[in-house]
């Protein structure tokens, strides 16, 4: 339920009410919309709590039930789009967020080459995997902390933000100490323990859609992070699993306008995993931008065929540069 | 197998060879690429026919096996993109093909209102259903010939081409006498009898992708039409069936660059059926165009909420007009 | 709407009412449940027809709305399971219906060998394709009428019923003159023109579930046949399309109890198409029987590896015999 | 690669070779098949390691490459079916493993009621969730350690084994101290960090198939556990995600014979999650058993409608008892 407070209620009075609700075992969130405070009761409600009770509170002007299960990720509590500010970069604002870099961090040199190139071509965030979720336990599992160090240096030198995946709660603090944005991979989208822990870091989280997650499940996964009090969630569509065997995944471009309809969170698109086919990355990046995506995430490598992982879907520096030129003409 | 003929072989000599192959029970197709004739043997080959036999023919310079099952729809026989000329309109050329109109033809007035409006807004082809494939036998099944008459008049008056679906071989001649392009609906994509018969009309065919058809099956359905000798097939991506319940279908935008890679045929996109959600039609049309589609097909109605069928996915005349404005700025 | 007539209303009085409804443009069906007549109005109802109107009729005791869209296929009008009697064979009764035979009819000898063997092993219906729906136009398309003749002779000689697919309305009378049960293949499940025409033959129809048809769509396809007045529809689960590449299809065994819950029609299972893997046919046949299927349909060939079509999923005569032995012990 | 050692090589000689390979950075596993030792090199091989090198070793009789990616889960290294012995219970042997109990552990009384009843009806393993993976953060998350204590007592009193899910590496030791079998849920099937950690406990692991995991991915997840040296993995089919909205999931019964074909590990089936529909649980349990499953896992509750979670798919004690009676007659 959402309690819309009277116009004359101050922030401290509102906070007092939140504390009182907490004491009643009702978890709630305070927010402001159009200069008026509102308190969203997100859990603890049960049959014993009667709505009339809240209407009788002197601070409350009006109450409104939630229609959607994703209370904090949805638009009922927050109608305008969220803009996530990270240092001097905004995700969800006017400017397109462009995350680019190799699938796996392979060497110091590789990261510097890529970072310097993609920064010049217009990227603002460097991506790279240090702990890799691999289908086979026998495949390259990543360079770990060494890789994170390379990425941090390369990103800073080129005035880029950085993003990397966390797979294991034991690595959470480590990864958080090196990168600006923590990524939850598609396979961990419903790893609820990890979602709760990652939320508590307060860092911006890039949450990838699970291979067969519905929009509702995707937003409920975001909700796990948001309810820890961390509002900085970026949704990432990265292709879903369908019957079609040609492409690795079916990139669901409609997820962009639909998630924007359902949620205030920024939505970016990963055309690399989304298709798994190098040649399809640029056209699908254009499609994502045309559909209104707040950003793209692309796998780029100086020598794609020698990429340690995901070689088939990794584009070259030259292709990235051409792609960025065309995207800049589109927007 | 493809027989590449020697440079000095004339068209009549090539045709003679086709006839001789026919006499050997080998069905073949004659085509010209870069001023040189080539004969594609599409069926009749079996273990008794030895490749060497063809190499010994005096007209033959070189032979090449087919790697793809879609011999005529693929790019092995024809490497450049096909442009389908219908009256003064080209599909697959520079200009975007825009097919617009109501789901069902409802009345004479409706068709004139829509046709006149969409023509002004930039459409070049009028769509409308006269025989409707409805999941329920109790739903509106279409106006039949009466509807076709309304459409033909409205199209002609506004210098538009027309397209309508054929569901039944008994209606084939009837529909063909009224419209410029015959449509095969998604549910009939593998109605092989109908594909063979519709091919023989020689009319341009708009072939919609089946709800769960792979790219390969889609191109094999096109092959059924092409092998009747009718080269005028337009492929239409209209959304596939996935686990996601929010949208009616998942529009597979990647089908555009992938089908262009696999085939020389033009590819258009139907964002109306592709999403089933009115509000998602414009962003998905933009995505389709950005991904390189040769055209779009959109359901438009003067009063969408009163549409006899598909009301949820039908846009208004005003929305169509705004959408066309933005598309024109994109290209 | 269902009109439950008063107990004292005779059949002729009920028929009179049906005629009167017809005159009002309301299509209806008369049936008897527990010695009381009821009239189901299946189409023609609109806003002008007020329910009260029917309650005022002197013959009517009670009216009941339909909750399901599949009015005739569902269990609202007919609560007990349907048993389809064909000559001295029942489908949907106590005895399991076993349809066996080759994918394609290849020769007279083949059909006699198979028919004689499967009859002894316990089959009661001979299957075989004369007109084949092939993904490629270049694959074997079937022997046509010649094949039907072979099948009819082989079936009669071995006291078996026969079933074969109809793909084309032009072949409907031909196939109907040779076989006992007409089959609609998965690819034609929503070929609504063909459904209407095949229904009118009055012959028993084996309707296969489309590759990606929901239960509701499957039953609506049955509804197209039932509303022609033909009550003899047998539903066949034959595997659905999913993301899994190992098997040709995912056999949805749960369709058996679910369709029995939703519909009174008999449900059989095709484990050959359902898996596409020879070795998986027997275990999936056992699973189907255990789940309550009214029958199975299996591809059997004297020399499976030389089968003209579907070789990978065709079992040998010996395997069929062993499978039948085990099934008999199960029931 | 698999090194088949000469017949006269003793266990200690074989272990010496394993140690030597380890020193060369080649991870390997020693096993015995038909009285002959064999060493499987599972990782560390690269271009520098030439197969001839191994053939030259005096202990080695023959080398064989792996054809499958799942080296330890597949049947190349171990051709007979695995039987997992847990106390006096065997999974994968002659007797069916029957795991039954509530979705969530709710109270001490509930667990005792269920345990006593299902033990009498023929179950040998008690199931119950103490840490629940819930799509919504606002849903009941489980009783935690308190619940585990109730389950342990109820299981021991009724001579049952126990199984419960682990979602979080922080809870691993806790859960392992209370239950006999640790469960990895479908949503964590590709939580590779957790797979590695859970493997190291040495406890039997029940691994549930992910909602959209292919057989190959499922077996690769098992491989993550097996390569920690823990051979006790039980595979559990629990329904996959498809387009069909009626049932919660589509239970893939064919997974039973297919996984048995590909792997030596036992395979059980969960018809409760597999359908999500109470009435469909018994028929799907029968189908699983008929298809050759090594066991079933079923949600049972004294008062299913009051179940804290998964009420729709939970059967009553009476239904469980009737179901077990019929299953006993089947086998």
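Structure notes:
By letter and in written order, the chains are A, B, C and D; residue numbering begins at 1 in each of them.
The working rule: a residue touches a chain if its C-beta (ideal position, glycine included) is under 8 Å from a C-beta of that chain, and two chains touch if they have at least 3 such contacts.
Please read these numbers as outputs of a predicted model, since none were measured by experiment.
The minimum number of touch steps separating chain B from chain D is 1.
In this structure, the chain pairs B-C and A-C differ in their number of contacting C-beta pairs, and the larger number is found at B-C.
Relative to chain C, the chain whose mean Cα position lies farthest away is A.
Chain C and chain D have Cα centroids separated by 39 Å. As a whole-number value, the distance joining the C-alpha centres of chain B and chain C reads 33 Å. Centre-to-centre separation between chain A and chain C, using Cα means, comes to 49 Å. Under the contact definition stated at the top, the residues of chain B that touch 2 or more other chains are 212, 241-243, 245. Touching chain B in their complex are the following residues of chain A: 212, 214-216, 240, 242-247, 250-254, 256-258, 261, 274-275, 277, 279-280, 283-284, 286-292, 330.
Of all residues in chain B, those touching chain C in their complex are 42-43, 69, 71, 133-138, 167-170, 187-188, 190-194, 196, 211-212, 217, 220, 223-224, 227, 241. Chain contact summary for the complex, chain A toward chain C: residues 212, 241-243, 245.
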